[in-house]
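Next, two complexes with chain A in common: one pairs it with chain B, the other with chain C.
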Partner chain A sequence: MRLDPSILARIQFAFTVSFHIIFPTMSIGLAAFLAVVEALWLKTKDPLYLQIYRFWLSIFAMGFGIGVVTGIVLSFEFGLGFARFAEMAGPAIGPMIALEVLTAFFLEAGFLGIMLFGLHRVGPKLHFFASCMVAAGTVISASWILSANSWMQTPAGVAIHDGHLTVVSWRHVVVNPSWPYRLPHMVTAAYLTASFMVAGVGAWYLLRGKHQHFARRTVALGTAFVSVLIAGQVFIGDIVYGTMLKYQPSKMQAAEGFWEKNSQSPAPYYWIIIPDQNNQRNRFALGIPYLGSIWLTHSLDGRVEGLKNTPRDSQPIMGMVFYAFRIMYGLAIVMFAVGVASLWLRLRGRLFSSRWFLWMLVFMTPSGIIATLAGWYVAETGRQPWVIYGILRTVDAMSPVPAQALLSSLIAFVCVYAVFIIVFLTFTFRIIRRGPAEAPPHAEASGSLKNAFRPHVLDSPARVVKRG
Partner chain B sequence: MRNSKDVGRLAGLTGTALAGVIFFFIIMGVFGQRFAIAGLLVFVLGAVVICRAFPADGAEL
Partner chain C sequence: MLSASFLTFALTLYVILDGFDLGVGILLLLQPAMPSRDHMVDSITPTWDGNETWIIMAGVTVLAAFPVAYAILLPALYLPVIFMLLALGFRGVSFEFRVQTKRHRRKCDIAFAAGSIVAAFMQGLILGGLMQGVRVQNLHFAGSVLDIFRPLPVISGITLVVGYVVLGGGWLKLKSNLSVQQFASRCLRVSTPLFAVLFGIVCIYAVNIQPSIRSEWMSHRIALPCLVGLFAVLAGTLTALAKKSRPTMPFFLGLLLFVVGISGMALIVFPNIVPFSLSLWDAASSSTSQKFVLIGAALVTPVVLVYSGFAYWIFRGRTPENGWGE
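Our next item is the complex of A and B:
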């Protein structure tokens, strides 16, 4: 069997970036959650907030570490599998990645040490400042990466002469047309991810009858964040949709599952299709009548553009974009329903006693991660066959590397990443099984390296440093 | 007695579900951008008010 290097390079990048994005998503969300919880602790002096902080700090630290390691790999992969892309896009993308390291990575790295090990080595306000700086660093980091990726989706501010790309306006490169909307979409997705994780773990404790105070507070916090954030996410998502429809119509045409230049009127909203890309038609389609017109054109009889509006050699693969979009959007609808249900149950005083709702929260624990991954699949597969939309095709972006080299490095990545995920899940489940440590009434932690990752280790009175 | 309680609960659930669907459509921009912004503000402020007025974890265990 002959292996195609371009397919292998794409599989390798898809695998490594899919694995990577899970961890920054958690880190961005959990860093903000930890900063909010610490602020509540400082404001109320309630040790329960410190207990929550210490519990989630351990999981955040592991996710942060894996996110950093797997992120560094991606930069090298530009050279390994996509050298022509790196050569052409380097003048625009390179400085943005360097700026991410200088402005965000150093900020996070500097304050992360204080956040993890400094609970009683520095004053509480300085520690809170460190938590805020880490949370801000994760958003700044996301901002640069989203700017680079959005430039690949909606390139601007560059000129091309003889195949060489020159930046003519940095402002337009950084603030390209899709970045102002995709950044809040991604950051809100990360916050929702953390909110569902927190609420899900709390719900699991409630169902098991364990750690009741901790569980109630985390479910209350998680569901409150969900109900506020999901409304914002639906609003931003609609704006992102409109932006991509304007700048990258082929992606949204593929996402809606219509082939003809104009759909029937009124248009249904398809949930299941079996697309036949070769014959440019659906073999099977199941949808809800009228809903396509209402949701996509905001009218009762509007028509939706189909993929035949895009030349065949510039079409993405409909099936991948369509189902990734349906997973993301379907989960957003369920998240919205969870947010509304939580408000209703809160009003009735049944937030912690409705077992169906608690089970729903448990099942929704990974929903943010799945929705974020699906969203990135929409963004990346929908941009195909371009790597820089309208400028450089993916097949022209490859490195002249033999298939065997790509295959061996792909196998190595799969093996190493399997170890990462096993270690992460093992320790995370162990932390969750053990539950939170009792919060010391003096609200100080030992600060030792060992104890920072052991939520069950309580501070021995001898180690507590008395202030004043 | 039990039946009337069940009917009341069903009515509450249906009303909440309906309100959720309407808010979802409004925030998605089905009725235009202005309604979307207004719907978003009402929903977010409503959620904040409910969460602050009913902290939910204060009840005795």
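Our next item is the complex of A and C:
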């Protein structure tokens, strides 16, 4: 069998980037959650918040570590697998990623040490400041990377002369048409991810009858965040949908599962299809009648555009885009239901006692991660066959690296990342099983910024050694 | 040109900062006592993340400012870069998890040390590969991915491993308790002369196989021999002082050693970016892109240095016996 380097390079990139995005999603969400919890602790001086902070900090730290090391891979992979892409897009996305490193990575890295190990070295206020800086760093990082990716989706602000790309307007490159909507979409997704994780672990403790105080507080916090965030996310998602429909119609055509230029009227909303890309039709399609017209055209008999509106050589593969979109959308509906149910139960005072709801939360723990991944699959597979939409095709973006080298590195990545995820899950489950430790009494919420600069390190051997 | 200076700056910071992290990692393998190993790891725990970020900075600067070079170098260096990334990954992950476990800590330490060695070796391999030269046609890489596994890169890989041990040893003298300091002194006394000798071999070998390097020697008749002399003097001082001197000296001598080495390299490579076939200007992206990066870098880098320095300052002094406390 002859191996196709372009397929291997794409699988490798898809694998490494999918694996990577799980961890930043958690980090963005958990960093914000931790900052909020620490603020609550400083305000109320309730040690329970410190306990919550410490518990989630340890999981955050592990996720952040994996995010960093898998992220380093990506910054080189543009060139390793897609040299032509790097050469062409370098002038536009390179500077954005460079500024991401400068403005975000260093911010995160600089303050992460203080956040993780500095609770005794600096005062609570400075420590809170460090938590906020890490949370801000994750959002700034997301902002730049979404800017770079959105530029690939909706390129703007550049001119092309015989295959070379020059930036005409940085404002248009950075604030490209889809970025203002895709950024809040991603950040909200990350916050939802963290909220479901927090609520899910709390619900598990409640079902087990362990760590009651901790569990109640985290379930209350998590579901409250979910209720607010999911409402916002549905709204933002709708705007993103409209934007992509305008700039990348082929993606949305593929996401809805229709082939004909204009669907039947009224259009159903498909949930299951077996697409036949070669013959440009569906072998099988199952949907809810009328719903497609109502949701997509906001009328009872509107028609929906199908993928045949896009020339065949510029079509994405329908099945991938369709199912990725259905998974994301389906999960969003369930999340919405959870949000509404939590409000209802909260009002009735049964939030902590409805076992069905707690089980639901437990099952929804990874839902944010799955929905975010699915969303990225919509964005990335829907952009194909382009790597820079309308400018550079993916097949023309490859590196001159032989298939054998790509295959061996792909196998190495799969093996190593498998170890990473196993280790991460093992330790996360261990931390969850062990439960939140009692917060040590000496870490009180007191002290001013002045104290922060004069840490009282009791066990520092420095003076002892110098004297001796 | 300014981009190139920024690139050199980022690379230098990476090499010396992550150099001692990697060095400490490598030395874990030689340290039999578990408490001492814990102590060694604790000494780099709060800051390794920031140190590692400089390599991303260097890589991305090449992408932004010299996209043509990025597109040539990464395919050319495909295998060592991939292995380096995987090794750094292993290292980072075993680092995060070793605190979580008592039972598997030994395994984590081995993974950490192995990751450090492989990453250091691969970086040396990359350096050697660059010195050896990269085959380029029509601004695209035209060699084979296996070109890198030749004697010169391999020797320079070993050299860099030893060099990082020197840096790591200096760091441990600066930051650790008495027993680890003695351990570090012993390591320094062996590794420093070894590093100097290996470095010399790499220089001589490189001159012999790469005519461009020989001509660079001819054109920098004064500067390069001076740097070599300085290098030898520094290495000698470091070996002599390893045992007794104040704990700050070895670390800073080690840093200087690396700075001298890197300036020599820079002098040889300049004005190329893909050694001996592509100059900085041929690889540069349009001036708007360069300006965007440079303005950003000029504004943000000082701030970054200030709070990175602040983080070091918070964790200043010797590492507490029981870690930084959780």
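General remarks:
Keep this in mind: the second predicted complex is superposed on the first by the 440 of 468 C-alpha atoms of A that agree within 3 Å, B and C clash if a C-alpha of one lies under 4 Å from a C-alpha of the other, contacts with A are read in each partner's own complex, and residues count from 1 in each chain.
In this text, a residue touches a chain if its C-beta (ideal position, glycine included) is under 8 Å from a C-beta of that chain, and two chains touch if they have at least 3 such contacts.
The shown structure was predicted, so the numbers you read here are calculated from the model rather than taken from an experiment.
Within the superposed three-chain model, A:His298 lies in touch with chain B and out of touch with chain C [touch as defined at top].
Look at A:Tyr53: by the touch rule set out above, it reaches neither chain B nor chain C. Residue contacts after overlaying the shared chain place A:Tyr247 against neither chain B nor chain C.
Contact with chain C, but none with chain B, is seen for A:Phe427 once the two complexes are overlaid on the shared chain.
By the touch criterion defined above, A:Tyr270 lies against neither chain B nor chain C after alignment on the C-alpha atoms of chain A. Once the two structures are overlaid, the count of chain A residues touched is higher for C than for its counterpart among chain B and chain C.
In the superposition on chain A, contact of A:Tyr205 is made with neither chain B nor chain C.
Overlap of the chain B and chain C contact sets on chain A: empty, with no shared residue. Remark: chain C residues 45-47, 49-50, 52-53, 55-57, 59-61, 63-68, 70-75, 78-79, 81-83, 85-86, 88-93, 95-97, 100-101, 140-142, 145, 177-178, 285-286, 288-289, 292-293, 296-297, 300-301, 304, 307-308, 310-311, 314-315, 317-318, 320-326 touch chain A in the complex. For chain B in complex with chain A, the residues that touch the partner chain are 12-13, 16-17, 19-20, 23-25, 27-32, 36-37, 40, 43-44, 46-48, 50-51, 54-57, 59, 61. Residues 212-213, 216-217, 219-220, 224, 227-228, 231-232, 234-235, 238, 294-295, 298, 333, 336-337, 339-341, 343-344, 346-349, 351-352 of chain A touch chain B in their complex. The touching residues of chain A, counted against chain C in their complex, run 54, 58, 61-62, 65-66, 68-73, 75-76, 78-80, 83-84, 86-95, 97-103, 105-114, 116-122, 166-168, 170, 399-402, 405, 409, 412-413, 416, 419-420, 423-424, 427, 430-431, 455, 457, 459-462, 465.
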